[in-house]
């Protein structure tokens, strides 16, 4: 099997390595010549056997749109594009339509695993036509973790299903992280009583109900910095968490923990909270409670 | 009518003024001689006609306990103690029992209105024996706002009912404040589109569904400081908000907005969030996402 | 002043009545001949003096789109369309563009007040060009509540600002309602202690921090049905609540109470909760805890 | 090593089996003669070598109190009581004090693992004096999972630390379960797009960020009932979840996901929601929105 791979950043670069280790031939293109195998998308396309398979691994949104448009122009009927980035599932429908007009097939692939995927393999959720999914199964098998295929890979439905599953995966991920984080704060707060916070997390790794991979990562983090004093409580969020809430709202699905998780991230990035200024102002107005004057 | 009043701080002092304006005789005691009418509780008691009525208006908790203990020793059977502070309703049961052993009656009175109560009157929620509530009705009538009695006063039940009602009142208050505050932040955030945030709040005062006294106070606050830039988003909370959550948990009542309001206050007082440090650490571990290094 | 009014349902019909009472001439059109003044939009347009003013009061979304399209075709340069429905503020930008191509002006007007607006007047938040806002001020003055103009009306900014303000208004409204509702449940739950739930709400109407118009409505509801036993806890939600969350997410504004309010409504409409089935299933798996078998 | 074990229910019974499999001698007492090794606590005590070790595995609260009181009377100085039940950490301080007066030592042990502990071992979090913890380490080693000791056991601090850690563990557990449950509902809701919900969860078991033991249990549950149609969304909660919130409130720790999880359980058990009745009543009052009449 020989595929093209556009985007050789942290994720794409590792995936190329893992694919090659599994004897999948990869011609990778990236605007950065230091990591690229070829000097252009055209050169990459020319190198691929037909029907071609091109895996796109670039940031979701405008960049993915541009790459898909270019591929729609340059590929041929029967070829296949796989979007492995973090695209919104509604974008997939658009991409699929644009490619379908040229007779090109499309698969959306949600990919989980982060920097650990290189060694552990990547969890894969894909949507698209069954025949194409089967044709490129060697690629999925090379990327996914060892073990039974259905424990690290799912063909979840038609186009869009893969990124929908990944979106929900990330929504869950946000809430799981927040859950452990609240637990961390509760343990830290009573360090008068509970003397060994890192040891407590460490001891939860076997036998308990809360054991998980995220817990293991928290143990690693606490091994490196036992009270996290070197790190600031400032957390970004990405599109998938936000889309999860939007999709929940649109479908009347209550998601109190996922939304609480994303709101906590919003707050973590604020120097001062306009909302809490308003609450402080109200308390001052009705109760004569002192307010803190801003230093700005 | 002639009553004793222990505690002449911001609330108690205003209440004395309002009572006297309604021709209720008040002998007030406070440890601060600048505001006290008498030099001791004994002197205050000696000045009161029997059966005596003593209104206690001191901070909830230890101080209230101490005052009630002193009154239990010094008052006589048939006398009445009214606790108008922000005591926990479970404390009322304790106070009532201690006083009852001496034949002294007890009423708990939840009082709302803040610094505005002097002019507007105070919303009153009381619990206790009907005959005593009726005996001191002139006091309640003097303190409550003008208008029909049942729109500013309720005899809500036996001892404890007044402070229970006040506790729930404050829980609601927290969530109302947070609701307006979230709206403020939403309006501020799109000041590119919505050019007049203070004017918008001002315009909500008549005809809209969200009109309220708190809204009027927010309009006042924005009149003084139109973007609240002079105030810090740092908000204290008091016992009653916390007790509301505890009581909700104990009785399996879901209170998502009240709890969200109190959590927002907790966060507002944190220099850095241990929980969000943990989330940042987790993101770094699995995704190699950059973290902000603490400057400490 | 003489305006056209499209849509004579509960809101539009009442607004026509209020406008006429203020000596604004109104030619109303509605597909329902029982309430319509004319038999067609064309007839309505023909009746209006130039430059014409047409107030649109139809359900947001597809129907508003259709009406605006029709007016774009049939009105003339210099005319004005006011959308007083609950449109999304992003739709306003679209409507304004379509009308602007024909030289027709556009104002978006958020209208609050419900069935009470007929008597009390409607809170108005408008966006659009200043000259047109000033030209039709007699209409706004007729619709808004008595009292100072700026306490019931705001020109909040350019096109879209009116509906943005209304959207946020409704988001706040959701959270305010939920706050009182949580308080109601807390009071009800301890009716062993607090004997008079309706009386407690009634007594909050004067002097307290939580007094508001919504509180007065809850008092009315409890007057009619003192424990709300005749009503089911099933609550719809409308677009504006959902858009508030979407807008908050898009702008990284934390809205924990508004989102909690909308999630509570989602849950209220579920016969059974898929999420809680999953939690029950998990508890059963790890703890052998009994589950309730579905009766379906 | 030879210990006494009071309480041979689902947890205690399995623990006896696991201890004996590790060559720890166990004399178990339970009021149920079918499972008890002896006919009385006295007989159990008489069978134990000194200094005696008695592991208490009974429901938290009143029953634990009674058992501890009995042991305080019947054991001798130098003996040790271990409470392995789900007691509140504040109860531990009381129990420790009562036993200490008789010279008896006390260890609190939080135990996680549910019905799986028999085979997998139990995660253990203990608090108490170091010398006693070391003396009974063979017992902890027998109960904990295979692997490094510190990945399934922690001596977290003085008396109370074990149950505090377990309380926080359970709070986290609630939120983790809710996170997966919200994800399940999101996937189910779009089964038009995502055709294989159980397969998606199954595929998350390897390589993904959300892999965990709870996820594996959900996969098992979906293997048995692929849409959970046989199970009702009705979920109990236990003391530890509630105490987590209380402790958070008392220490000003924001716990939005843990509280959301427990509130979701509260709601799941309500036939109708008083709060949502109030919201429905309010909507009806201001907007004339239809309400559902209760069928009761």
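Each chain gets a letter, A, B, C and D, in the order it is written, and its residues are counted from 1.
Just so it is clear, a contact is a pair of C-beta atoms (placed from the backbone, for glycine too) under 8 Å apart; a residue touches a chain by one contact, two chains touch by 3 or more.
In this text, all values refer to a predicted model and were calculated from it rather than measured experimentally.
Give the label of the chain whose average Cα location is farthest from that of chain C.
The chain lying farthest from chain C is D.
Which pair wins on C-beta contacts, A-D or C-D?
A-D
With chain centres defined as C-alpha means, what is the inter-centre distance between chain B and chain D in Å?
Each chain's C-alpha centroid was found; their separation is 37 Å.
How many angstrom between the C-alpha centroids of chain D and chain A?
About 32 Å, centre to centre.
Taking each chain's centre as the mean of its CA atoms, how far is chain C from chain D in angstrom?
46
Can you tell me which residues of chain C touch two or more of the remaining chains?
In chain C, the residues touching two or more other chains are 114, 178, 180, 182, 185, 189, 209, 214, 253-256, 260, 263-264, 267, 273, 275, 286.
Show which residues of chain B lie in contact with chain A when the two form their complex.
Per the stated touch rule, the residues are 10, 114-116, 177-178, 180-182, 184-185, 188-189, 214, 217-218, 220-222, 225, 228-236, 256, 264-265, 267-268, 272-289, 291-296.
Please name which positions on chain B make contact with chain C in the complex.
89, 112-114, 117, 120-125, 127, 144-147, 150-158, 160-161, 164-165, 168-173, 175-176, 178-180, 182-183, 185-187, 189-190, 193-196, 199-200, 202-215, 244, 247-248, 251, 253-258, 260-261, 263-264
Tell me, which parts of chain C touch chain A in their complex?
It comes out as residues 209, 237, 242, 245-246, 249-250, 252-256, 259-260, 262-264, 266-267, 269, 273, 275, 286.
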